[in-house]
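Across the two complexes that follow, chain A remains constant while its partner is chain B and subsequently chain C.
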Partner chain A sequence: MRTRDYKQTYRELVALTDSVPVWLWSAILIAALIIAPHILNAYTLSFLTIILITVVGVLGLNILTGYTGLISLGHVGFLVTGAYAYAVLVSKYQMPPIVGFLGAGVIPALASLIVGAPSLRLKGLYLAITTLAFSFIINTVILEARTVTNGARGIAVKRPELFGISFESEAAFTYLCLGFAVLTLFATLNIRRSRVGRAFVAIRDNDIAARVMGINLHTYKLLAFVTSAFITGIAGALYGIYLSFVSVEGFPFLLSIEALAILIVGGLGSALGAVLGTVFIVLLPEATRLVFSLFSTQMDALFSTGAQELKSMLYGVVIILFLRFQPRGLVGLWHDVKRTWVHWPLRY
Partner chain B sequence: MQYLVQLLISGLAIGAIYGLIAMGFALIYKSTGLVNFAQGEMTMIVAYIAWSISTSVDGNPFIVAIGAIIAAVALGLVVERVVMRPMLGEPVFATVMVTIGLAVILRSSINFIWDAYPHDLDIGFGRGILRAGGIGIRTGQIAVIATLLALLAAIWAFFRYSKFGVAMRAVAADDRTALLMGISAPRVHAAAWAASSVIAGIAGVFFAISYDLSPAMFQLGLKAFPATILGGLDAVLGSGVGGLLIGITENLAGGYLGSGMKEVAGFLMIIVVLMVRPFGIFGERDIERV
Partner chain C sequence: MRKYLTTLSLPLLLAGTLAASDRAFAAEQGITDTEIVIGDVEPLTGPPALLGVAASIGHKIAIAEANNAGGINGRKIKYVLEDDGYVTARTIQGVKKVIEVDKAFAMLGISGSGQSIAVMPVLEKAGIPTVIDVAPVKFLWEPPRKNVFVVGQSYEEGIIHLVTYLAEKNPGKKWGLITQDDDYGITVRDGFDTVVKAKKLNVVYSGNYKKGQRDFSSDMLQLKDSGAEVFLAGGIIAENIAMMKELEKLNVKPVTGIFWPGRIEPVLKLMGPAGNGIYAVDYVEPFASAAGKAFLEKAKPLVSEAEFKGINRYTMTGYAAAKVLIAAIARCGKEPTWACTISELEKTKSVETGVMAPVSFGPGVRFSNQKLQIMQSDFPTLSFKPVN
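And then the complex of A and B:
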């Protein structure tokens, strides 16, 4: 039986993981993801791409809401800013895509400073409402600034070519998303175990205590906003490229809710949870459709007519059920299963 | 001048609708300490139910009104009992997220129960136009402003004089002490949800009479947010007044600065209010002790 882990040095405590099997399984997962685009058909591949893009965005929100405990209902605002930044720089001003991606990160990060500033005085619900207001304001700004953004007509975006490699094909684009997802995952994991990440978590758990410990609330809250907006903006750019067309309608308010649903379902404040939650939520409508189509063709017809409504309804139901019965999310479930597996037949 | 007066009057009318919904927000916040993000959706559902009733009874206003109120009470009670009561004692974040989940469910249920097309709610009143010195006012707009004022007075009296109103204030001030005094907090919560649903429903029906009924109506809830923030989340009467202010601001911004400004005027106002006076004009300052 495995006893508890005894950490003796600080380095061991903050290590990414101390377990060889975890590295092994991660390597196998990465290898599988590298092979996958060659095996999967176009339909399944689109799910994989969506999952990878969503993982990037959700990890961005996770830094703000999961780690720092600042609820954002307006993250779609950063998403759409990122997408437009990329589209305007690359499609309109013919900049190289790498500059586009940089801009897709930096411009939302700057925008987040504007939202972040009032957040220094606000907490909880009030902050959530401010971010909500921000996401509506940004939409109007985009629609009004016609000379830069083409207003309601939107901007068409081509698949990029980076470092001489073309990401034109579906498989190649999936690799690009995979690259960004893995990078983001490592980035957030590293942020979490660094001084900054620990400061974020301290602010979430008790901001007054954190302040007493010498954490500058203003700096770190703004830092959380900037980091989160940067990552979310990149996800927005990827999503814009995936849609091959950037417009305000392409980024509905529901995306903010979806991101929060993913965090709750996965387990708030955990990178693993963000990944599990994404896979669960993205595949949920499809899985439900498959299950129902087994029973009757009538249900299948319902799914094709009211697909969008049914999808959002499922999100709602899943959010409520998870909050009610499994507030720690899929990660909590996973930990319970692991503990039972290790300690069985003992309970603890 | 005429243009200004016209803008002010239509601003007051739409502001009265925002004010009603904002009062619904504040009622729930005051008694349960959470923001109900499904307020706009509840507004919409009640309006749709009223429309269904009106089409089956040939638009008799009294039957529609009574039916809508009963439906609103039932909706509020069911939501409180089935969705919110089990979350009692959970962190605020979790409960608020539950209301967001509820909002999403209610919003998409419209398309399953009714349909995605706009409708007219016609109960034989509210469409006529009164003219006074070149300024036209629809009777429905006058009715909604009058209703808001009447409700403001009624709610003030309710909180001031009735036993149950005092009990609600007690729960809002300190729920543990209220429990010790023999007040049933769940019953107060249920009453708050039912009342809030009725007020929201009234707003929805008036909106549907004056404008139209469509699945995009839930956005009224988002538009009413600025009103309740301006008035103070815990100030029921203040939220009603805040609604009027937001309605006027929005219309003036729309009339003089362009339609884009109309959409965001309220939201810009939220940010300013939250930065300057986060507890609103009429709200109570929240003092945190270490």
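And then the complex of A and C:
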């Protein structure tokens, strides 16, 4: 059994993981995710699809808030921009879906420069409010630009066909989301290990010290915004396809809060935390409903008819509990469990 | 070799039979010897709950009525209701749950206009017989979908009917309009513009407000300054209340028209005397009419006291849709199937529901196109009365 990490070469140092069991379990997870769409019914599969789309979006936010320490309350603005970019390009201008996805990434990335510029001088709460304002402005722009966006009428979006493969069925669309989620996960993990990622973390930990070390704060903060918005825009396109209808109403402000809650619960600044947090938050209401339905059918009915209120309450309680007892989130909990397992019966 | 082929073909045959029987069973899901499941997804929490809860009460009344009469050909109806909180993603999940987990035989509802539109591919793919009653928007029946039927009238037609009536009653007057910045608001404006063009109305004020706006002081001041004598209040609930209160404060009382989403009695109560005499258009009977009173009498023993208090016009639309669906399933006899129910829904001809004009569909016609009527509010009795 491995008791310590001994890294003797640079290759070992920059490897995603040097643990064979981690690769093994990851392969098993991927295999399970590939099999799942063929086993799960449409309802259960919808949770998997939502989880995969949310993972993409939250990993995008994690780059900005988790890695770089720039709080964004308006990430739903990038999400809705991505969704509209895809819908306008593909549904309205009949462009190939691949161009739609590219646009869904690039257009929010360009928009992020507008909101990113003030971030060069703003921090903390001030930046959070600026990003919040951006999400409201973007909604107004979409509603007013009727000739392009159809305004409040929204745009219907069909499931795409990429490289001759149709993603029309639920299972196929889940595979598409899985593909994007895996790509995003690897991309963010690699960003974190690169010079850029280390610069992001340095800015988060102490921006003055980072500047002293030669990190150009302007460049890297803008880069964090652009990367984060690009990924979030892709998640927006996937979400729009999932909804089959893109309208401003389909992207409520609450999604920004939900994404931040996922990061807090999962563990800020960790890709694994983003994934764990997403799974936890998305499945929490359903898992609670299942547990309570074992005891009483009335409780099951209550969760059906008051689902949204109970969901908000559950999110609130969970965030408070995590902030109080496990501020490092689920990923912190996982590390504690791992350490206990490795060191037991010793404490450290 | 033959033995090998036999060995190979047996499991294949078995799998084929199972798959076929699975399909046959899937077509008749939600039915046991004693029960038939009808599903629904509505906004039951948050502000739109005023509409979603009322619609679900309408469904419950029709179902209770049918169950008290012995159910559908001996099978009691089980009503499965899901809350979507007016969140589109949740509507999609809710519909999937009702179809896949609760195994509903048919669907009623479903939530708001955007939510219904978003859920259309799921309904179409599933092929489940569905009667929509909450938000009748053209996208739901144009083009007609095989298994989706809509009871009601289009928002555009409703507005055209109301504005035409008010224009004929108030010739040569100056007009004012305010609409919400969403698809509902655009529909209201489109209907209004159609009549403005046809009747060459003199529009002196045309405003647009952001969804969620609560302060209409400047908007109403502009309306007053424009000298508008006829006013179409394009808000829904809280917005119309705020507008009327503001007009009362400014001491102006134009001839005012509102649309059916806001034509509910609690709104009138909150408007106070300022809401007296406002015109509304609807395709369901007002509660002050004989039909409305009869409906309330019928509903009283079938729902709880709390539910009875939650009754509004959406209860009537829900009731009518459920009646039409139940009648169609009943006409399929002892072994109803989705195909038969859809076929019988298509054959629906002049079905009396008591709360609106008779409901009809037809081959390729998935929209009941209900007859409209104008009504006027009476604050002292907190009711709307037909105007003819």
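Here is the rule we go by: the second predicted complex is superposed on the first by the 345 of 348 C-alpha atoms of A that agree within 3 Å, B and C clash if a C-alpha of one lies under 4 Å from a C-alpha of the other, contacts with A are read in each partner's own complex, and residues count from 1 in each chain.
Rule of thumb we're sticking to: a contact is a pair of C-beta atoms (placed from the backbone, for glycine too) under 8 Å apart; a residue touches a chain by one contact, two chains touch by 3 or more.
Remember, it's a predicted structure, so these values are computed and weren't measured experimentally.
*Asks:* For A:Leu125, select first, second, both or neither according to whether it touches chain B, chain C, the two together, or no partner.
*Replies:* The answer is first: A:Leu125 touches chain B but not chain C.
*Asks:* If we overlay the two complexes on their shared chain A, which of chain B and chain C does A:Leu143 touch? Say first, second, both or neither.
*Replies:* both
*Asks:* Applying the touch criterion given at the start, work out whether A:Pro96 contacts chain B, chain C, both or neither, answering first, second, both or neither.
*Replies:* Neither partner.
*Asks:* Does chain A have more residues touched by chain B or by chain C?
*Replies:* After superposition, B is the partner touching more of chain A.
*Asks:* Given the touch rule stated above, what does A:Ser247 touch, chain B (first), chain C (second), both, or neither?
*Replies:* Second partner only.
*Asks:* Which partner does A:Asn41 contact after superposing on A: first (chain B), second (chain C), both, neither?
*Replies:* After superposition on chain A, A:Asn41 lies in contact with chain C alone.
*Asks:* By the touch definition at the top of the document, which applies to A:Glu309: first (chain B), second (chain C), both, or neither?
*Replies:* After superposing on A, A:Glu309 lies in contact with both chain B and chain C.
*Asks:* Which partner does A:Ile320 reach: the first (chain B), the second (chain C), both, or neither?
*Replies:* A:Ile320: touches chain B, not chain C.
*Asks:* Considering only touches as defined above, state whether A:Ile257 meets chain B (first), chain C (second), both or neither.
*Replies:* So A:Ile257 only meets chain B here.
*Asks:* On chain A, which stretch or stretches are contacted by chain B in one complex as well as by chain C in the other?
*Replies:* 140, 143, 306, 308-309
*Asks:* Within their complex, state which residues of chain B touch chain A.
*Replies:* 34-35, 83, 86-87, 90, 92-94, 96-98, 100-105, 107-109, 111-112, 222, 225-226, 229, 233, 258, 260, 263-264, 267-268, 270-271, 274-275, 278, 290
*Asks:* Which stretch or stretches of chain C touch chain A in the complex?
*Replies:* Per the touch definition, chain C meets chain A at residues 44-46, 80-85, 87-90, 92-93, 96-97, 99-101, 114, 117-118, 120-122, 126, 139, 181-186, 210.
*Asks:* In the complex formed with chain B, which residues of chain A make contact?
*Replies:* Interface residues on chain A, with respect to chain B: 71, 73, 118, 121-122, 124-126, 128-130, 132-134, 136-137, 140, 143-144, 208, 254, 257, 260-261, 264, 306, 308-310, 312-313, 315-320, 323-324, 327.
*Asks:* What part of chain A is in contact with chain C in the complex they form?
*Replies:* 41-44, 46-47, 50, 140, 143, 151-154, 156, 239, 242-245, 247-250, 252, 304-309, 311
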